[in-house]
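Chain lettering (A, B, C, D, E and F) follows the sequence in which the chains are written, and residue indices restart at 1 in each chain.
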Amino acid sequence: MNWREIEEHVARALAEDVGIGDVTTQCIVSDDARGRAVVVAREAGVVAGLPLVELVYGRLDGRVQVARLVQEGSAVSVGCRVAVLVGPTRALLSGERVALNYLQYLSGIATRTAALVGAVHGTRARIVDTRKTVPGLRALAKYAVRQGGGTNHRFGLFDGVLIKDNHIAASGGVREAVCRARAVASHLLRIEVEADSLAQVREALDAGADVILLDNMGPDQLREAVELCRGRARTEASGGITAQNIRAVAETGVDLISVGALTHSVTALDLGLDWEPAEACPERNPAAG
Amino acid sequence: MNWREIEEHVARALAEDVGIGDVTTQCIVSDDARGRAVVVAREAGVVAGLPLVELVYGRLDGRVQVARLVQEGSAVSVGCRVAVLVGPTRALLSGERVALNYLQYLSGIATRTAALVGAVHGTRARIVDTRKTVPGLRALAKYAVRQGGGTNHRFGLFDGVLIKDNHIAASGGVREAVCRARAVASHLLRIEVEADSLAQVREALDAGADVILLDNMGPDQLREAVELCRGRARTEASGGITAQNIRAVAETGVDLISVGALTHSVTALDLGLDWEPAEACPERNPAAG
Amino acid sequence: MNWREIEEHVARALAEDVGIGDVTTQCIVSDDARGRAVVVAREAGVVAGLPLVELVYGRLDGRVQVARLVQEGSAVSVGCRVAVLVGPTRALLSGERVALNYLQYLSGIATRTAALVGAVHGTRARIVDTRKTVPGLRALAKYAVRQGGGTNHRFGLFDGVLIKDNHIAASGGVREAVCRARAVASHLLRIEVEADSLAQVREALDAGADVILLDNMGPDQLREAVELCRGRARTEASGGITAQNIRAVAETGVDLISVGALTHSVTALDLGLDWEPAEACPERNPAAG
Amino acid sequence: MNWREIEEHVARALAEDVGIGDVTTQCIVSDDARGRAVVVAREAGVVAGLPLVELVYGRLDGRVQVARLVQEGSAVSVGCRVAVLVGPTRALLSGERVALNYLQYLSGIATRTAALVGAVHGTRARIVDTRKTVPGLRALAKYAVRQGGGTNHRFGLFDGVLIKDNHIAASGGVREAVCRARAVASHLLRIEVEADSLAQVREALDAGADVILLDNMGPDQLREAVELCRGRARTEASGGITAQNIRAVAETGVDLISVGALTHSVTALDLGLDWEPAEACPERNPAAG
Amino acid sequence: MNWREIEEHVARALAEDVGIGDVTTQCIVSDDARGRAVVVAREAGVVAGLPLVELVYGRLDGRVQVARLVQEGSAVSVGCRVAVLVGPTRALLSGERVALNYLQYLSGIATRTAALVGAVHGTRARIVDTRKTVPGLRALAKYAVRQGGGTNHRFGLFDGVLIKDNHIAASGGVREAVCRARAVASHLLRIEVEADSLAQVREALDAGADVILLDNMGPDQLREAVELCRGRARTEASGGITAQNIRAVAETGVDLISVGALTHSVTALDLGLDWEPAEACPERNPAAG
Amino acid sequence: MNWREIEEHVARALAEDVGIGDVTTQCIVSDDARGRAVVVAREAGVVAGLPLVELVYGRLDGRVQVARLVQEGSAVSVGCRVAVLVGPTRALLSGERVALNYLQYLSGIATRTAALVGAVHGTRARIVDTRKTVPGLRALAKYAVRQGGGTNHRFGLFDGVLIKDNHIAASGGVREAVCRARAVASHLLRIEVEADSLAQVREALDAGADVILLDNMGPDQLREAVELCRGRARTEASGGITAQNIRAVAETGVDLISVGALTHSVTALDLGLDWEPAEACPERNPAAG
């Protein structure tokens, strides 16, 4: 993560929610009240986003202490205490929603990623994400994928060459497209080519593609494509992947399986904030804050 | 929508994806190629986000023409042509993912909202959103809720007073909390109080709350609470609302039903870009662009 | 106050004044000189803006210590020592003007507000500000109003509904206007309607307005309007309010009196910086800085 | 004026006022309503800020046409029509307050400046401003001074050397201070030295000051100082200048008279917006917009 | 080039130079004067940066027309007319220095690159740049390298894996370092390894490096290294490359030659602005502007 | 230096290089590895830019300690140890290039400046820079000139009046141009006029110029011009200055010699980073960091 951009993201998120001020809290809660709250998992999953919780409170009020009770990226069960927050009640209340919005969203991504990673355990396949992310959230979404055990595909259009149908059509053929990319792109970037059929796989291999994206193929076709590519190019299966069929896809021997739904259709993990008497602070980490 | 902030959102989204440049397209597609593509619905739903598609392409290359084929906020069926894009092929390719990411996400929100609005048709209940939005996307998410026929709750902590358990605890009681809010908050803000039981509903009414948030109550309890509030305060049902039970909740007579999942757990609407021969432009709106 | 935006305001104010550097000080004052200066009131008033003085110096040079000698929002008489600054002479000199510009401007607002608040003492009327603020200074100006004992009206167009003549004309009547606002605006926003005559007051009440803005009415008419609104709507007197007539207005029983001049025509409070021998630091707060 | 910074100022001013949206107008006024309004002077003065009115509406909605009816910097009498605005009613209403806030504030500065410039007519004295400006408004305030016929002193600490008491104290004497400034500052900057007495005037002259700031001197002392400086340095009178005594000060022969109150204590010029039937547009400038 | 960032670069460059205004021009040149000037090469070289000249003037004053007389990236001889500028004299004068600063710097880079590209003509070697760029100028510097016929190495630390001595030391060996990179980095990034000796070349090849950086080797050693890598990895020569020895390096058969001095030590190309009578505009492109 | 802008410069430089992350280091170097490196001069010169090195590492990772081994602005010989860096290996590696890019560039400027300052030693001439700086780097470049013993000319178009040929042409003559500038410009700015011949020098003197820019004159003509200006105006020699002829120019008696190449054609000073065993920290300054 590029820290500076993440900090600006948090700053904008707080501006978005708090705006000119938390009217309710400023009216009702006295400036010197102190409180204590615990982030609790209300369903099982993988936690991602604890650094964001820390950033939210750090920016809102440096006196809030956030102590992690589980490690970032670890699996939690229902009722698990995830983090404890101690500090001025006003800040605890004003930051609650933004902190949970980050944590629930990222944990939702990590949880689904971990489920798919588990489903392909023992095969050679890596689970990778796509560029189908909510605008403005890509770095965070991809971070959450890593916390769930997945691997990142390219971050954007700038750090990888991926030649699709339309690029091929626009350049007059696979061979021509790969050739142009080789001539101009940095020598540190590999070239991946999308293929919808075995014929296209062969064409891409002949053109010198480094990676072949096998789009919307069934297990049998995938297996054949993997065979063709052996020793010549890496393979990535993509399109129509579900929790149900992913194992079968992985067993075809593909190197990578990319899943858009990891990041385009996220179900938030249910995490909540429970308040506790402020005076009792057994878990408080004296070094924190 | 505050246009300036939306434009900056789009600018950041493009920077995030395109970064220092779309390597693939720059290498392969010639600068003077022109193309034509159509946004097509691959599943039924409500379309929201067309202005974002226009902003994305407007910023990327002013020569791209975006012509809407359906109105923003309208329902579409599978195969429906949503918008047509004509312009430099490079720009069409480089902007595709960002444009679709916005459109699929916002249409996903509008689609689910419309389903719930339909489910309560004929009752007095309005479907409202919450502050459980992906950080940085609130204005857009709330805009999509409106396109789906929903109504917006407050935008943030600044444009409404909502007193929850912890505010009450911190101030020594409902009466005290409402009283302090009345004394300090702008006279243009109403005061809403959360209640978990009928006893708390009565307390809030006595304290002078303008709106009562009925948290996690079943239909019977809701009905009773609505009765208590009649003529004294508006009512909002919240917590545990699903597509299955929302009709029953609405029939209790509550004024508002708030649903966090509208925005915290979004399933993207499946929309894609189909390429067409650039020369054939029957639908092109000559006034556009 | 939203801290982040205030910090950016200070940063811009310093950039505006210091620009590429304080030529005079850099040429003449040695880098290791240390000094001591006291902010002194040269006329009586209410002090507001001490946190800004701290921000100015904190950003300019973290080694400057600012110790408050009076509390923010307190009344001071001529000659009163308001704050003491100790630190590098260069920073003290370079920040002087920006710090005083904030302090004098905000104290000017607080002082006039306090005078009007005093004038209505014993009545039910609250003194409120308006949106007639110098562009870019609204949050600070409204903060200063609070320090002077006033209450804030809405912050902008986003946190309150205020229907004026032109809105009514554009919608075809008060009833229609209020009705539309009710249907669309958040249920947490009250609806205020401007009325120039008792007939309009009645119309607004019948339309269901929550607050009536009584525009440019004399005391007798105000009294009658207040009578009409009793138990049905809050009342706000506005227009032509002066230090001379405000008591009479307040005694009509209105809930709020709004005064544009509080913020659109500010007379700076005369505060200056007196230099003292740096070695003598009796008031220096050892915990500060 | 540096156009880019002014545009950002306007953008922030609109964000400050409009925020997430003008709730009232969006609820009540239909999207296709068009209106017409005239800026009218409610008191006599000098108009400054028309470019800001144009920027406000240009940013809010490019379809609003702003036609000036008087020239920037011209004197207007009560009832004078200053500018006419035609366009979408929503935009006209949403931008009204920000546009008027700029116009009233800047016209207030220009009006007072013009009064003082008139008061010294026929003498050699130029009226100049100071750095006592509301933070963030300096470029605009100094622009308004010019519209009122005044001249600008330095813009900040970066474009002029002005040696005050404390600089002298910190460097060990006038001669030493001027000498250091000469050695380090750009050869394109003049050196001005503050003097409180005739003895100090002599010292500054001997040290080679280019300009002498005559601080808080009465007419007789000023006259003597001017005599001393003749042919050796320019003179600037400062401190305690009022509309009453400024003529006497000017007649002492000083080159410049600086007045802090021009910008630190501004009385807004009373300008308002009157609505007219939209269809009648006699004054509309067809080339505008 | 990412257009948005380039525009911001230009905006900052103008702010840096023009600041609060071009005092000289504003004082002396009347607002309605129009002029005409020609950019002329005062020495031979390759022109790069014409889009920047257009951006500078476009931002400063949209009425300035910039017509290119040579193509971007073309070689020019002494006296060659490069571009003609027509428009308000004030804008022409105020933008001159910033426009020329961009043009001279980028043309300086393109010119030196073209010289080296010419020197290796007929060999397989491509001339590539490095990350040794003036901070903030990388995208522009790399753009200029392309205009001179060079190819870009990675843009930053994010779009390529390049393992140097210290990475190897920190990971316990070449094999371990390459292995870790393979496991974590995107499958679209190649892995380059630095080698100072033939032994290290062999080690890197065995570890599976895709590219070998041959650091500071003489022609004989380079030739041997190229031989070792044939069919197994690409080769990049780096370190101590001069105009004198680059041909010999290229003839060893390396794929790439990287030259830090292309961008870290730039000699500006001498280009100037000659003024002409404004009325005579033979070359003016009527479609421009 | 204006600290805030410098910090933003560093932030942009890091974003430019590190972007979404240093892939190589993140893959290969463990998070808890610590290292130690020394900045070493590989050629003789004057060091400028150490504060930038500190800013780069401070922003990247606050745990990196930078201890200076020589003073900013001091001359170093080959092999001289300039600064020692201790901290997390990841941060040391990721920041290396940006830190060195600043240091090498600024030291290159300081080194050349110092050479020219040395060449005119004993004469009255000061070496000054120009506005011919790489866009975005002016403040830093001018800072480096000061470190090398030079003096800064004006920073931009805003802090000095310099009337050139084209200004004169546009205003109808030197006298008219100087007169207009006197009337409008701040009284704290001097007026410099460019002259190409002795006739023009006389004209400028008669018009009342404060400084004369003697453009492209040989030593004899310079000497004559200096004679003409004695006691009436300062003199600045400019154009065609080289290390070879600068002594002769200085001996003509001019006050200032301006050299564009100081900043438009910079040769980076060769400085590198040598890694050392982390455990040995003899020079570590315990107070640093």
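Here, a residue touches a chain if its C-beta (ideal position, glycine included) is under 8 Å from a C-beta of that chain, and two chains touch if they have at least 3 such contacts.
Fair warning: this is a prediction, and the values are worked out from it, not measured in the lab.
J.: Look at the interfaces A-B and B-E and say which one is made up of more C-beta pairs in contact.
T.: Looking at A-B and B-E side by side, A-B shows more C-beta contacts.
J.: Do chain B and chain D face each other with the same patch, meaning over half of the contact numbers show up on both, or with different patches?
T.: Different-residue interface.
J.: Going by C-alpha centroids, which chain is farthest from chain D? Tell me that one.
T.: Farthest from chain D by mean C-alpha position: A.
J.: From the C-alpha centre of chain A to that of chain E, how far is it in Å?
T.: Here the centre of chain E sits 35 Å away from the centre of chain A.
J.: Using the average of all C-alpha atoms in each chain as its centre, how far is it in Å between chain C and chain E?
T.: Here chain C and chain E have centroids separated by 52 Å.
J.: With chain centres defined as C-alpha means, what is the inter-centre distance between chain A and chain F in Å?
T.: That pair's centroid distance is 45 Å.
J.: Where in chain B do residues touch at least two different other chains?
T.: Where chain B meets two or more other chains at a single residue, that happens at 18-21, 139, 155-156, 158-162, 184, 186, 189.
J.: Chain D touches which residues of chain E in the complex?
T.: 11, 14-15, 18-21, 59
J.: Tell me, which parts of chain D touch chain C in their complex?
T.: Going by the criterion above, the answer is residues 9-10, 12-13, 16-30, 33, 35, 89, 93-94, 97-98, 100-102, 104-105, 108, 131-139, 155-163, 165-167, 169-171, 177, 180-181, 183-186, 189, 264-268, 275.
J.: State the interface residues of chain D toward chain F in the complex, per the touch definition above.
T.: Interface residues on the chain D side: 128, 151-155, 158-162, 184, 186-190, 192, 211, 234, 236, 255-256.
J.: Can you check the complex and tell me which residues of chain B touch chain D?
T.: Within the complex, chain B contacts chain D at residues 1-2, 4-5, 139, 155-156, 159.
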